[in-house]
Structures are given as structure tokens and as C-alpha cells.
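Each of the next two complexes has chain A plus one more chain, namely chain B in the first and chain C in the second.
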Partner chain A sequence: MDPFMQNNQTNMNSNFSVDIYFHFGLPGFENINDYSFEHLDEVEPFNILRARHDPKISLLLFDARLLPLYCDIPISEMEKKKVELKVDETPAVFLVLKIDSHEKRLTANLRAPIIFNFDTKMGHQLILEDETLSMEYVLEPETVNIA
Partner chain B sequence: MRITESMITRGLLVDVNDCRVKMNESQKSISTGKAIRKVSDDPARFTKASNLKEKYSRNEQYLQNIQEAIGWVDNTSTLLEDIYSLSLEAQEVVNTAANLTSDSNIRQNLASQVDSTLNEMLTLTNSKYLDKYVFGGNQTKGQTPFSLTEDGAEYTGNANRMYRKVADNAVLAINVSGERLLEIDPFTPMLELKSALEQNDTEKINELLDTMNTLASRLSGLCSECGTIKNQLLLSQNRLETANLNLETVLSNLEDADMATAITRYNTDELAYQSALQVISDVINNSLLNFLG
Partner chain C sequence: MLVLTRKPGESLRIGAQVVVTVLERSSREVRLGIEAPGEIPIYRDEIYRKIQKKNLEALMNESTQPTMISAIIKGKNWNVLLDDTQR
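And then the complex of A and B:
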């Protein structure tokens, strides 16, 4: 079950961590398969994906549902299969963020989202062919749906 | 052991100096935005960052290889499409010639049209890109790879492929060798068509109808093969760009100072520094007063 949903149902508002297996690793880190997905209240709405055996390897993630322009991005059935999702199931989709300290901004890679199946604890970073999607989309408060 | 005033003062001065060094480090962290600037800041983190940077640079090199390969493949693709178009022209000629009554003058005109198509095809197959023969295999310099004889074409290139490294453990063949083009052999049917038209040989012309259709379809297949190579290159390019973005992200997490932490640390260091100064001035003042008293 989606751990976010589980938290809402039990009215919990606490941190959690889920171990996730990436069968193909991540681009750039092909040899690292085991990660933990960490949700920390203090850094909400961001999440952290951390290599379990090398905690220095960490990525900042952002829930794609909070980005209205990204809601209709189609995820192919073939990609869904990589995290063992069934045809009618929807994956949790997260975007990798980059902290640009020179420009003092946060950018999201819209071309390569990470999909999760929290039931099977599997993840996969896919690469979308749509070249109109920016790899360094600047996150600004007005483009993000944060309550 | 007796502790003298000067020992206390020296000790305090060391503390103050220590605080000043820490403050200086925090200040640098804030102004440069980097938490690690030299190995001694955090050796493990520095090594990790260096490894990732090395991987990033390697990927940049692969991306450059891919960019060059795409240029080569695009050029090959354009040439093959032009050769394919010429084969369609020849197909039209053979259709026209087959439907004509035995008018030898028109067939003579068509023969010279085929001759110029043939020469154009020869020029295309001997094309160069960045001063290298495109269809010469990996023998890209020297004699032109194709020449025409009375019986057909002669190929002096080789069947070797040109490989480019596109990832740590992946190489891609990026060329279509002339040998592959010779397997399809666009020249022999064209030469035969030219000769049949010149001799007004309607039987041979009719025979060539199927041959020209097959030639066009095989050339179209070769264009698709080229498209497949381009797709593989684009796929590798997308993957490497994403890899480098992931690496950049991890690097920035490793290297960039967490601004909030750095500022908090600076404030703490400054507080410690101010306290140390206060203590030292108290001690010195006290001893001075005592001395005066």
C-alpha cells in the first residue's frame, strides 16, 4: 500500500522509510540497486532517495502530482511492468531535483521521472522521449501545487 | 604544577584563534557555497565527489562521441535517401519504357537519362563526410570506394564497421559499409537497364521491372537500418544526459554547503568567538586591575 496513503488513513504525520529495489540501478549509478525512499516531515514536500549501502549517494525527489503540468504524462505499460504494476494500476511518480547553488534555484528533470510501486518495493527511472519536456525545469511557487 | 597568568592567557589566545579559524571556514563555506573545497575538509566525501566527477567527464566524452556519430549517421541517411530516390527514378523509367510501343528514339533518350542517374548514384556512393569516404568501410581515405566497369561496380573499400564508444561498456557501429551497399547492388540493374534501352530490348526491359522494384525496396530497408542506428544513438544520448543530471544532483548534495547548516554553524562559531574574547578581556582586565590594585 502507498505509504503516503497509509499515513493519511491512520492520521499519522510522521517520517517513514521504504526500501526500494531498482532492477536496472539509476542512470549514472547502474551498479547500485538498493535504495531507501525517505519521507521526512521537516523537508516536506521533498523526499530523499538514498543508496542503502552508500548514504552519500542521495537524490532529492519531488512528488510529480504537485506539478499540474505533469499530471497527464503517460507512463507506458512496458515501463509499468518494470516495477511489476498491473495494467490498470498507477505508479507513484517522483521527479529528481537539482539544487543549483549558483543560480539559487531548484530545478526538476521532467524527462526522467522515477516511478515506484510501493507494494512490490520496486523503482525505475525512465526516460521519456518527449523532447519538449525540460531536463532543468525551474520550480517556482506559482507552478507548484503545495497546499 | 603552578599555572601562571601567561599560561592562562596563552591558552585563551589559542581558543580565540581556534574560534577564528572555525569562523573563517564557516564564512568561506557560505560565500563559496561549497562544503568541501580541499581533501582535508572531508576525505571520504572528497574522494567520492572526485570519482563522480570523473564519471561525469567520461560521460561528457561519450556524449561528444555520440554527437559526432549522429552527424555521420545523418549524413549517411541523407545519402541513402538520395540513392533510394534515384532508384525510384529508374523504376519510373523502366515502367515508362515497358509501356511504350517499340519507339527506339524515346528509349535512347531514356537510356541517357538512366546514364546520368547512374553517374549521380556513383557520385553519391563515393561521397565524403569530414574528408572521409562514407561508404568505404573503415578505409576512409585514398582511392574512391566505388568505380564502374562494363559488368557492374567494383568496390575497393572494405566491409569493416566504424565503432564509437557510447558508454563504459557499450560500443555502437555507426556506418553502413559499401560492402553492404554492394550486396544490394544498385549499379548492375541500372547498367542492364541502360543497355536494354540502348538496344531496344523490350524483353529485358520487362524482366527489369521486378528487379527495379526489389532494388527500391532493399534500398528503403537500408535507410531504415540507418534510422535504427540513429535511434540507438539518441537513446544512449538521453540515458547519458539523465545519468549526468543524476551525477550532478548527487555531486551538488555532496559538495554544496547546506546553507542553513553553514549559517547556523557560523552563528555558533561567532558566539563562541565572542565569548572567548569576553573571557580573555575579563581575565586580562582582572589581572591588570589586580596588578594595579
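And then the complex of A and C:
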């Protein structure tokens, strides 16, 4: 079950942390498999993916559902299998953000989203074939759907 | 690096489950077919290396974590994060 829905049903404070296993690690961190996906009210709409045994390794994530242009990105059956999703199930899709302090902006890597199956507690970073997808899409609050 | 020579139509087997077949060859490129279990990801190496680099660049460090989190905790627009004069 989507932990966002689960937590909203039970807690007013919807902070939560889910242990996630990346069977193949992440590109750049191939030997690190165990992470925590952290949702903190104070940093919404962002989330943090943190290596459980090396907290210095942490990435800022952004829920792809909030980016209208990214809604129709196809996730293949093979890719769903990597997090043990069934064909008719939809993964949670998040984008890795970079804080560019020199250019003073947040950018999202649209080419390599991370999919999660919060039921099986598995995650996997995809690399999409579409070469038009930017690895440094500039994220602005105005372009995001936050209810 | 193990170097093997294959002609079009010939294959390599990697472990028990991965087979790489040379499908056709031209003067500029070689077309490969790869049979592997669906759970094994297969990437063009140059793209994989780019994603590695992007992930490493995206790592939060001590200077970005507290700045980012405190800016957002104060409920401000993301632009506060990016403008030091507003902190």
C-alpha cells in the first residue's frame, strides 16, 4: 500500500520512514543496497533517500506525480518486475534532485527515475531510453501540482 | 578484459542465463541481440556512466542539507533555498 495513503489515515503527523532494498544498488552506489525512504512533513514536497548504513549518502527525491509533463512516462513490465510489481500495478515514481548551488536552482533527472514498490519494500532506478528526457530539468514551484 | 571474436550469427554466453548474439555488422557499428532474464537490467554503458555521474553530483552534503531543510521548514518558497540573502 502507498505509505502516503496509509500514514494519512492513521496519523496527523505523517512523517514516516520505510526501509527499501535496492537489489542492484544505484548507479554510482552499486554496493549499497539498503536505504531508508524518508517522508518528513517539514520538507514536503521533497523526500529523502538515505543509505541506512552510511547516512552521509542521501539523495533528495521528488514525487513525479507532481510534475504534469512526467505523468505519461511508460514503465514496462520488465521494469515493474524488478520491484516485484504485477503487470496491472503502478509503481511510485520519484525523481532524483540536484541542488545546484552555483546556478542556484533545483534540477530533476527525468532520464533516471526511481520506482518503488512500498509493499515489497523494493526500489530500482530506471534508465529510460528517451534521449529527449533531460537529466537536469529545472524544477520551479510554478510548474508543479501541489494540492 | 576478456576479448573474444565473434562473427554475425555467433553468440557469447555469460553465466547460465545471458546470451549475447552478434546479429549484424557494418563498417560503423555492430548490432547485438541480448537474451537475459527480465530482472537483469541492461544498459548502454555510456548512458549508465552518465547516470552514475549524475547520482554522485546529486548527493546531498553537509552544506546543502541544513540549508535546504531549514528553508523548507520555514515554509518558504523554494527560491529561498537558492538565494542566500533571504536566509
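Assume the second predicted complex is superposed on the first by the 144 of 147 C-alpha atoms of A that agree within 3 Å, B and C clash if a C-alpha of one lies under 4 Å from a C-alpha of the other, contacts with A are read in each partner's own complex, and residues count from 1 in each chain.
By our rule, a contact is a pair of C-beta atoms (placed from the backbone, for glycine too) under 8 Å apart; a residue touches a chain by one contact, two chains touch by 3 or more.
In this text, all values refer to a predicted model and were calculated from it rather than measured experimentally.
Looking at the shared chain after the overlay, A:L69 reaches neither chain B nor chain C.
Shared-chain residue A:M78: touches chain C; no touch with chain B. Judged by the touch definition given at the top, the superposed model places A:V43 against chain C, while chain B stays out of reach. Legend: residue contacts after superposition of the two complexes on their common chain; A:V138 is shown touching neither chain B nor chain C.
Using the contact criterion defined above for the overlaid structures, shared-chain residue A:L106 touches chain C, although it does not reach chain B. Between chain B and chain C, C contacts the larger number of chain A residues.
Residues 26-29, 57-60, 96-99, 101, 109, 111-112, 125, 127, 135-136 of chain A touch chain B in one complex and chain C in the other. On the side of chain A, the complex with chain C involves touching residues 23-24, 26-29, 42-44, 46, 48, 57-60, 77-78, 81-82, 96-99, 101, 104-106, 109, 111-112, 124-125, 127, 135-136, 139-141.
Here chain B touches chain A in the complex through residues 33, 44-45, 48, 55, 59, 235, 238-250, 252-254, 256-257, 259, going by the rule given at the top.
Of all residues in chain C, those touching chain A in their complex are 38-39, 41, 43, 47-48, 50-60, 63-65, 68-69, 72-73, 77-79, 81-83.
Within the complex formed with chain B, the chain A residues making contact are 26-29, 56-60, 96-102, 109, 111-112, 125, 127, 129, 135-136.
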